[in-house]
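The first chain written gets the first letter, and so on, giving A, B, C and D; residue counts start at 1 in each chain.
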Amino acid sequence: MPEKSTFSVIPLLAMLLPWISLVVILAMPKKSRRLRLWLCFLGSLAAFGVVLVMLPGILDGNTYTIKLAGLVEGLEMRFTVDTLGYYFALILAFLWMLATLYSISYIDHKENRFFAFMALCESFLLGCAFAANMFTYFIFYEMMTFGSYPLIIHEETTLARRAGYKYLVYAVSAGTVLFFSVVAHYFWGGGNLGFQEYGVLSLEMASRAALMTIFFTYLAGFGVKAAIMPLHGWVPDAHPAAPSPASALLSGVILKAGAFGIIRVVFNVFGVDLMRELGVFIVLAVLACITIVVASIFALTQDNLKRRLAYSSIGQVSYIILGVAMLTHDGALGGVMHLTHHALMKGCLFLCAGIILVKTGKKNISEMKGIGYKLPITMICFSACALAMMGTPPSVGFITKWLLGNGSLEAGLPVYIVILLTSALLNAAYFLPIIYIAFFRWDGDEEEKGHRPKLVFGKEADHKLVVPVVILAVLVVIVGIWVTVPGFPYSLVSRVVNVIFP
Amino acid sequence: MRLFHNYHYVAAMLLFCIGLYTVIVRRNIIKKLIGLNIMETAVFFFYISLGYMDNGIAPIRVGGAQPGQMVNPIPQALILTGIVVAVSVTALALSLVILLYRQYGTLDVDHLMRQEEDEGEGEKGKGAEG
Amino acid sequence: MGAYRHFPIFMITIPLVGAVLLPFLGYLRQKWVPWAAAIPLVSSTILGSLLMGRMPAGGYLSYHMGNWDPPFGIEIRVDYVGLFLMLIVCGIALLALFFSRLYIFKEVSGGRLTAYYVLFLLLSGAMLGFVATGDIFNLFVFMEILALSSYALVAIAGNRNAVRAAFKYLLMGAPSSIIVLLAIGFLYSATGTLNMADLSARVAESGYTEVLMVAFILFVIGFGVKAALFPLHMWLPDAHSIAPSPISAILSGLLVEVSAFAVLRITFSVFTAGATNLVGGTLDAVSVFAAAAVLYGGIMAILQKDLKMMIAYSTISHVGYIFLGITAFTAEGVAGAMYHMLDHGLAKACLFLCAGSFIYVKGYRRIEDLKGAWRQMPWTCFAFALASISVIGIPPTAGFISKWYLVYGNFSRDRWPYALILLLGSILAAVYCLRVIYYMFFQPGKEGAWETVSKDAPSSMLAPIWILSAGTLFFGLFSSLLIPSLLRAAKFLL
Amino acid sequence: MKRVVSLLFLAALAVLLLYVVANMPPMGDPQSPTRTHVVPKYLEDAQEETHAPNVITGIILNYRGYDTMGEVTVIFCALAGVLAVLGREKRGRIYAYADRSRVKSSTIVKTMVRFTVPFIILFSVYTILHGEISPGGGFQGGAIIGASMIIFTTVFGLYESSQRIPQKLRLPLEGSAVLTFFTVGVLGMVGGGNFLTYAWPHIAVSLQPAVVVWLTILVEIGIGLGGAMVFISILFSMIREGEEVAVVP
């Protein structure tokens, strides 16, 4: 493993900090709503701060490790913060902090339950990010699965219940499949579940068929969260049903937990060489391509804004999978970086959708005529992110597309570029109409006398709602311009990728 | 042929099966209990036969009895325990039968089970109040 | 060891003698009976905990009754695993006893109170003796105490359903005891001894393989009825759902485990020590039945409308888990089965006590009536949720750990179909458990269903529930306390 | 249908069991494992070690005393179960039905029973006390006492018999078997051995035989009394005189 590996309680501390929110909620009296929720926010802020503390060390090539519990040899709960895990933890804690801030104003009923489970989920996800081996990852992943259920059904409408039910069915089945694959991995991998830079498994350990079984069960298990196409069924239902901050987190982070799992499996469990030998990366790439195209086409047909965004997320997460499946330096760089990029963009878009819903009560795109004049800041941010999604420079979306394109040339398969371009076109086809409707249409615009509404700045919504949106939109641009700033995705991901693809 | 030589055991096994048949097939619960006792008796018979010895004498060391000639005392000791256990089970079973008869007015198993179906879920739901 | 060697016998006899003395107190001061009944169990627990600290790792404690050396006298043989199980028995029985103090007035009329506590103590003492004994006929005697007291406890409510369920139980249980007795006879006829350690040596060199093989089959059938292994489970749903809730907790959380433990001991310490070929075929058949039990119990549990009935069917499913672990014949599988005895005991006892708590507060037995229960009874509902999570096997509860070892144990002997069935069983468990949790937490209550309830169950009932559910969490988080020694013990058995 | 299936099942079981029997050691074979392993020591040494010429009594009370302790617990448990299910006989009920006992017996029967019951009880006392020398013992004696009370109750009715052996007398004695065993067991520990050691190692060797004999007799008496009281209590609680009782024609 990397140069220096030091014992440190910081990862554990970061994981436990969100629990402050939980304690606060349980302990504080019923009346102190503001105080309670702000303390919750402070909890997530502190978690982000603690994660940030590790940044210099990580950039120096340090690794922090702490053992939580050990059952027997090889089966232990351990946190090891390597660069890849840290990268995921950083974006996760950041987005979570913004979403918590946003929720303070957004959530208006049963906020105790919502914030408690937000905190729990953050803690479990940090556990996922820091996990040193598949056993730990699986445990936190399962807990996160069940912890996010109350977030999805928070509204308690029939729609939400049905979405929650669907989510549980998918999640429980996936968890079981995953359990099987972890056991199989443990058994055939000689009791080593750890993540290592060049992979753990090899053809000497087990037969080809056994390795294929392990890979495909992992793929099926994580694929449900990562919404790879035949397994995506819960995503389009869950996103519109959940409250907007929860949708932002669902698509910004929780889907990524699945994708992150696949990244771990491909790079740290199987390793690039074994992937090439087994040839399974082709399957991965084909599934990702299908998902990218089909999800975008589905997105075109949706009128519900959040549903359209959800389909878009399905497609975008598959960019990550595609980038990883290319098994080239630039492809991996682009794919893994897209994890953050997409979290920023889609987080912002969902939060915008939330503001629209709160301020105007409109869910469908066709009803949103002239909304850009009522909610200018929101819609500008929305437009910026939507353009970024299409890959317009200067933005993070462009970086991703550029790197993925490079990667596909490196892999000698230009067909991926065709897929990427098609996807960009389709993205344009489903995002541009929203912008058009928001800014260039208004009620009564087809009649002669119709007046263009007045732009009203500054009064559109509570600051707690607007600030996170603006921060995210600004970051979408900034990260797209100053790519190599330390702490931004490139600085971290390139460290990982340069090791794997020297 | 050892089967014929072990005719005590054969009888015990057949008795055991007869008892089990009675327990399974008979509808009257008293008869079921009788079947249970037949099974028990069969097993006791089997045990006692285990200690059998040609020209054996009772394992009591009086009057210069030779240990070599005594029958095996262990099965007899075990079966004393077994008999008491069987009596206890029968006593408890009979008291249950008495209560069943007081409450259902029948000793017929089919009848009891049919009543269960008739009463359906509701009765089961409020079982506690009875 | 010094005086410590006497501890196991006192752990067993003190509850029994306490049971005998209790009627005097019942005659004089009935109010004190519930408190007095706790004294023997508390002392057994203390003795067990003290002994646990002195237990040699990997070794066992052999106590020769009446100073007679083992093949001649009766031996009590307590190893690490046995003592561990005895402590579970003491602990869960004690908690159920405390739960009974208020609850029991709901189901048992005043005149039978003393008898209830007497039988309760007899049941606990018998389970302790059953686990500890090293003599196979003594095993039978304690099995009978255990069986008789449990028949009576199922019937103790005295209403029509209770008596019928008890009689059904008796009609299956009594023949099974006789079958065990017959099996002991066969074993004795082929070996001439009744001591388990002596048996394991003599079984290996005995020439009467057919007799031994059938004896093993009869043992499995006999104890299988007590443990409710799939085709012999018919008595369980009625008996467990109709008995008073603390008794359901004991029956489901302990009795079934203890019977499975008997099968484990017979299999490993008597038969397979030298003669694996004798039992292989039977064990294969048992694993098929166990797999069927996992699926059947799960599916039937999903179909139930009555909460206790659902938990009872779930027990059938989990007995299948335990037997799959035993028949896997690997150290991991056996260790998983043992750990599953622990966590299933805790979780099931907790679930039944929660069900009792709902009955106590509101008289609700049906799952549908629990809609919106969370608002009024948050503590009970949270404990229920935690225990259900353990039943499903979601980390970080103890259920996950045992599921891991069970699946792995089955995996590593190339019995992957059974591993898959175990996983399927946990999906089924997720379905039936999550449904109840969903009703409790995320459904609005029916109009007026909970309005008369202003508070949760009394704290003397909540405390046992919470200790049990916290136990499932504790043994999930700190499984490293036990797993290595269980693995070592399992390796020793194999 | 059910009958056919169960017959088939039982036939299969019978074949299985007969198969076992055909492979078992021959009956009465002096070389069979039952004959050669543990038994010889019992038969040779029992008298010296347990001071009971009746080897069976020696085994029951001494070698396998713990089993017997479990066994007396079983009958106590059965009593507790019966009482839990049916309840103890109630004083009020007995008085209410005292005058109209349904059991009408002729004077001859009454006189005969009155005359024989004391002798039966005397015989049971003999059985209990001579258990270690001749066939017999605590259980047998207890059962005989129980049987004598069954005859008495059948003839004279519950009122009369419960006057003879009232609840106050039975209640303390029902558990006497278990308590005696426990006491003897603990005494064995105090005497330096393990639980249920009769021959206390801490006392002089010459005294040991007397201690063993007296302890054996004590246990026999305990078992006999306890067993008898349990049987009688079970009998009384099962009887319910009055309208519900179906008179046997």
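As a working rule, contacts are C-beta pairs under 8 Å (C-beta built on N, C-alpha and C of every residue); 3 or more make two chains touch, one makes a residue touch a chain.
Keep in mind it's a predicted model, so treat the numbers as computed, not measured.
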item	value
Set of chains adjacent to chain A and to chain C	none
Central chain of the complex, centres being mean CA coordinates	C
Between B-C and B-D, the pair with more C-beta contacts	B-D
Maximum centroid distance from chain B, chain identifier (CA atoms)	A
Chain B and chain D: spacing of chain centres that average the CA atoms, whole Å	17
Distance between chain centroids, defined by C-alpha means - chain B, chain C (Å)	26
For chain C paired with chain D, centre-to-centre distance based on mean C-alpha positions, whole Å	30
Mean-CA-position distance for chain D and chain A (Å)	75
Chain B: positions in contact with at least two other chains	16, 20, 50, 74-75, 78, 81, 85, 88-89, 92, 96, 99
Residues of chain D whose C-beta touches two or more other chains	17, 20, 23-24, 34-35, 38-39, 42, 64, 67, 70-71, 74, 77-78, 81-82, 85
Each pair of chains that touches, named by its two labels	A-C, B-C, B-D, C-D
Residues of chain D touching chain C in the complex	16-17, 19-20, 23-25, 32-39, 41-42, 62-67, 69-71, 73-74, 76-78, 80-85, 87, 171-172, 174-175, 178-179, 182, 185, 188-189, 193-199, 201
Chain A to chain C touching residues, read off their complex	69-72, 75, 138-140, 142-143, 146, 150, 153, 156, 161, 164, 168, 172-173, 175-176, 179-180, 183-184, 186-187
Interface residues, chain B side, partner chain C - complex	16, 20, 23, 29, 32, 36, 39-40, 43, 46-47, 50, 74-75, 78, 81-82, 85, 88-89, 92-93, 96-97, 99-100, 103-104, 112, 116, 121, 123-130
Chain B-touching residues of chain D, taken from the complex the two chains share	2-3, 6-7, 9-10, 13-14, 17-18, 20-24, 26-28, 30, 34-35, 38-40, 42-44, 46-47, 53-56, 59-60, 64, 67-68, 70-72, 74-75, 77-79, 81-82, 85-86, 133-135, 137, 139, 227, 234, 237-238, 240, 244
Partner chain D, residues of chain B touching it in the complex	1-3, 5-10, 13-14, 16-17, 20-21, 24-25, 49-54, 56, 58-62, 67-68, 70, 72-78, 80-81, 83-85, 87-89, 91-92, 94-96, 98-99, 102
